[in-house]
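All chains are identified by letter, namely A, B and C, in their written order; residue positions are counted from 1 within each chain.
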Amino acid sequence: MALPTYDEVVAKWDPVLGLEVHVELNTNSKMFCSCATEFGAAPNTQTCPVCLALPGALPVVNEKAIESTILIGLALNCKIAPYSRFARKNYFYPDMPKNFQISQYDEPICFDGYVDVEIETEEGPKQFRIEIERVHMEEDTGKSLHVGGATGRIHGADYSLLDYNRAGIPLVEIVTKIVPGTGKYAPEVAKAYVAELRDILRGLKVSDVKMEQGSLRCDANVSLKPIGSDVLGTRSETKNVNSLRSVERAIRGEMIRHAELLNDGKKVKQETRHFQEDTGLTRSGRSKEQAEDYRYFPDPDLVPVTPAAAWIEELRATLPERPSLRRKRLKEEWSVPDKEMAAMINADVLDIVEATVLLGADPTKARTWWLGEISRIANEKELPIAELSITPAHVAELVELVAKGELTDKLARQVVEGVVAGEGTPSEVVAKRGIKVVNDDGALMAAIEKVCAEQAETAEKVRGGHLPAAGALIGAVMKETKGQADAARVRELLLGHLGVN
Amino acid sequence: MINKTAAEMADSLAKGETSSVELTQAHLDRVAAVDGQVKAFLHVDSEGALAQAKEVDARRAKGEKLSPIAGIPLALKDVLAQKGVPTTAGSKILQGWLPPYDSTVVSKLKSAGVVIMGKTNMDEFAMGSSTENSGYGPTFNPWDLTRTPGGSSGGSAAAVASFESPLAIGSDTGGSIRQPAALTGIVGVRPTYGAVSRFGLIAYSSSLDQAGPFGRTVLDTALLHEVMAGHDPKDATSINAPVPAVVAAAKSGDVKGMKIGVIKQLQGEGYQKGVQTRFDESLQVLADLGAEIVEVDCPSFEYALAAYYLIAPSECSSNLARFDAMRYGLRTGDVDGASAEAVMSATRNAGFGREVKRRIILGTYALSSGYYDAYYGSAQKIRTLIIQDYAKAFAQAEVLVSPTAPTTAYKIGEKVDDPMAMYLGDVATIPVNLAGICGMSLPAGLADEDNLPVGFQIMAPAMQDQRLYQAGAALEAALLSKWGAPILTKAPELKGAK
Amino acid sequence: MSSLSRDDVAKLAGLARIEMTEAELVELSSQFGMILDAVARVQEMDLSGVKATSHPQPLENIARPDVVQPSLSPEDALSGAPAQEESRFRVPQILGEAE
């Protein structure tokens, strides 16, 4: 039987999702020891007796990690447990020095939350609520490098080399409840959820959320049930899903794979599968001889976490606005077209534009400067926009100078150039470079008279009521005044001079 | 010189009558002479010890202010990590391991100028009560070389009892300081849980382990206690409070008007006759000194042993998982084509002794899915009841007392094939560990039937460790005047002794 | 009388990653009956309504500030390694997948 198409799958089957996202926190030091957490350091240079699990070493929790986790829980509308504990998850694996992972089991620090995500559907935008089961703290494992064999993968390797720099980096695991009812949109909903989480975490500044570096990782559980059935199917758990696009592809792929098995009357095996970035397919993990029994128990080296209610409220008060809500609000407040909004998000200038607007600049003008001239300079210099020396205050000042007629748009571009070159604030650049709008009517009139005399024929046309011809005269006047004139004023004076209203 | 107390030695050092180098050399000589028979040490660090001694002497010569026991030699249980010095926890799996770091206790000893002579033998990973479970052979009791010195800190106790060292450090998870102290006729204290940092103490059972001091007198023990205790931010279970004034208490030694509770459940049946007799006599001595003796009831203590032998193995099954041949220690079975998994399994089988494997398997079972509530969960509840029993008892008495161990030292090999009989020896010491409080054992004389030392146990509430010393010093003084000489003078001379 | 069969012990030994000989499995299984009977006494008392104590001291919220301290040198970190290569711990081929 041929592989069913996606449309065939969703015509018959109803997917149920479950998503587990692991986030590496961006704390300075590790979860249970004071080693640095810098990405890409030389192997085993960020290790100590604690994260190498040397005999006798003991863990002590990083208070920032607790704070960050509570912030995440609050941002995901979770309840914060007044009492939670760390537990040991016991299993042997060479990348985990203690051969147990310190995690949280039946007493997670945050629970019962939700995230609303919106996706575009054929029927227009549609919202889905993803319920959060729990958010808990744990620690990352070391990294293995598999040597020998053909593929550099674990299979067929002759031996492995272990670097424990990553071992003990704080991880937060965010687990959804089962997500039913997404139908054919399941892959998009999952992708939107992970994207939303990424934006929330970035807004909280608690993680680098770089999927390509593994600081945000997603495991996707998928099962299918016949449409209309209440009985859940057997799920597979796909690991290593390390980009937003992969989330979508992995789920779509698993739905098709499950449907093929089920259509054939076969059973889906409950197992862990690994997503293959190159093929977009998943492969089966090596099955274990026996089901793991993690023998969780409260970690006797650590004491309970009992955050004070007042502290939780203090943290809640610092929560930034939800990114998706904020985007919606700004779009309305600024009356930005969809395309422009998307452009700002892509160019990552939303924060900077908002800051500029908050300093009093007109939203459209602020947006135009940042997306236009300033982005162009940034591209030219191959620098992130944030690293240019121009600030929202500069742009707000610039917009004001233009509005007051002290600068023309063209002159303002020269000012931007000056600010980026480090010549000071816009006013300072204006002063230093001697940039000035010619608004001395006498000087302008002289230029107008000169141009009208030179281009008498054109002037005559305008005088006769053919207004489009005025453009050429205005351009010539601007040229005459080296761009320092206000074009609107020139037009006004010119038309007056030629007796047209 | 080596027959003096640590306090006397400290006095001689302060007066310039002797130097730490001389003192250390004298003890190293003693070790060389008798340790072939006692086998208290796994590793003697003569060079390191003499260097430390020299440094202290130099500091003293410069007039630096030193700790009261600066320059005094000490024997360290091999369960504590010492940078660059072999540390094995008595296990073959750690043979040859040189820690790249110091445990907090070792750091404190070093900064106090205490001279660490070497590492002492112990039951492997502190699992045992006789030192017979050491991966490196047993330690022998200086009172009778055919008997065990107790355990698991048997090496440390034997070193002090045989005058190889005036002071020693042990660790006590279920009685591993107090029981060997009792069996070798010396003083041993298990401080309140959290009073001494566990950082660098190779874990057996994290919620029960606690390092503590050995000495030949209550005062000597207090001097060491004060140096090794104190808050440590590297141990999340460390108590952030001042160290109780144990030295002052040991010096004042007074029980007049003190209420002393005798625990009904920890005497009588199951206790050797000579042990019970010496215990009763000591009680009379305390009463004669003006203490008020009351009986207290701790019914849940009956279940303490069972709870302990679930909690400790459960925690150890997890704590010992790190010994896997990947990062340090023994690696066996690494033949061509062997997998990491196979090497781990082979190494753990070859490196761990029988008792350790027995406890790991028991703990794995107690934590496994479907059995957790019945075993580990129930044991944790028994623990609550024991804490409640102690709370009630301490409402009636300032300290509680019992014999330290039900018997005197037994023969090497006598119980080695009968784990349950061995476990029963911990019946009187375990409740202290489960409740996280403090306890002391001090000599109460010799049992009539075998002329071997009997230990008298004193227990006090958490962070009231000074009460142990106050009562202990009073009893010690009264017994000394009764006996006319310290109990160790009655021990037989060891061959080769000078 | 509680008991653990030889196969039960073998399964536990597998979880604990200890390769045991047949003789060891049989010996342990024979000792476990007595040991389990002794420890099962914890179930004799009525423990309903009793809270579990996992920790002897009532400590809470012990944490450290998020400040980096020096790590071990890689030489010290690797000093105990049974085998090493390129500043990494060298271990035999790993059969199982990571979690």
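Here, a contact is a pair of C-beta atoms (placed from the backbone, for glycine too) under 8 Å apart; a residue touches a chain by one contact, two chains touch by 3 or more.
The shown structure was predicted, so the numbers you read here are calculated from the model rather than taken from an experiment.
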item: Per-chain Cα centre nearest the global Cα centre, belonging to chain; value: C
item: Which of A-B and B-C has more C-beta pairs touching across its chains; value: B-C
item: Rounded Å distance, subunit A centre to subunit C centre (Cα mean); value: 40
item: Interchain centroid distance [CA atoms averaged], subunit A/subunit B, Å; value: 56
item: Approximate Å spacing (C-alpha centroids) for the pair subunit B, subunit C; value: 24
item: Subunit B: positions in contact with at least two other chains; value: 97, 100-101, 207, 233, 236-237, 317, 321, 324, 326-328, 340-341, 344, 364, 368
item: Overlap residues in subunit C, where contacts from two or more other chains coincide; value: 15, 17, 54-55, 59, 62-64, 72, 77, 80, 89, 91-96
item: Sequence positions of subunit A contacting 2 or more other chains; value: 48-49, 52, 54, 60-61, 92, 94, 99, 160, 162, 293, 295, 297, 300, 302-303
item: Residue ranges of subunit A touching subunit B (in the complex, touch as defined); value: 48-49, 52-61, 88, 90, 92, 94, 97-100, 160, 162, 293, 295-297, 300-303
item: Residue ranges of subunit C in contact with subunit B within the complex; value: 4, 8-9, 12-13, 15-21, 24, 28, 31-32, 34-35, 38-45, 47, 50-57, 59, 62-64, 72, 76-77, 79-83, 89, 91-96
item: Residue ranges of subunit B in contact with subunit C within the complex; value: 97-98, 100-101, 193-194, 207-208, 233, 236-237, 239, 300, 302-303, 305-307, 309-310, 317, 321, 324-331, 334, 337-346, 348-349, 352, 357-358, 360-362, 364-366, 368, 374-375, 377-385, 387, 419-420, 423, 434-437, 462
item: Touching residues (chain side subunit C, partner subunit A) in the complex; value: 11, 14-15, 17, 54-55, 59-69, 71-74, 77-78, 80, 85-99
item: Contacting residues of subunit A [partner subunit C, same complex]; value: 27-29, 34-36, 42-49, 52, 54, 60-66, 85, 91-95, 99, 101, 141, 144-148, 154, 157-164, 272, 274, 285-286, 288-290, 293, 295, 297-298, 300, 302-307
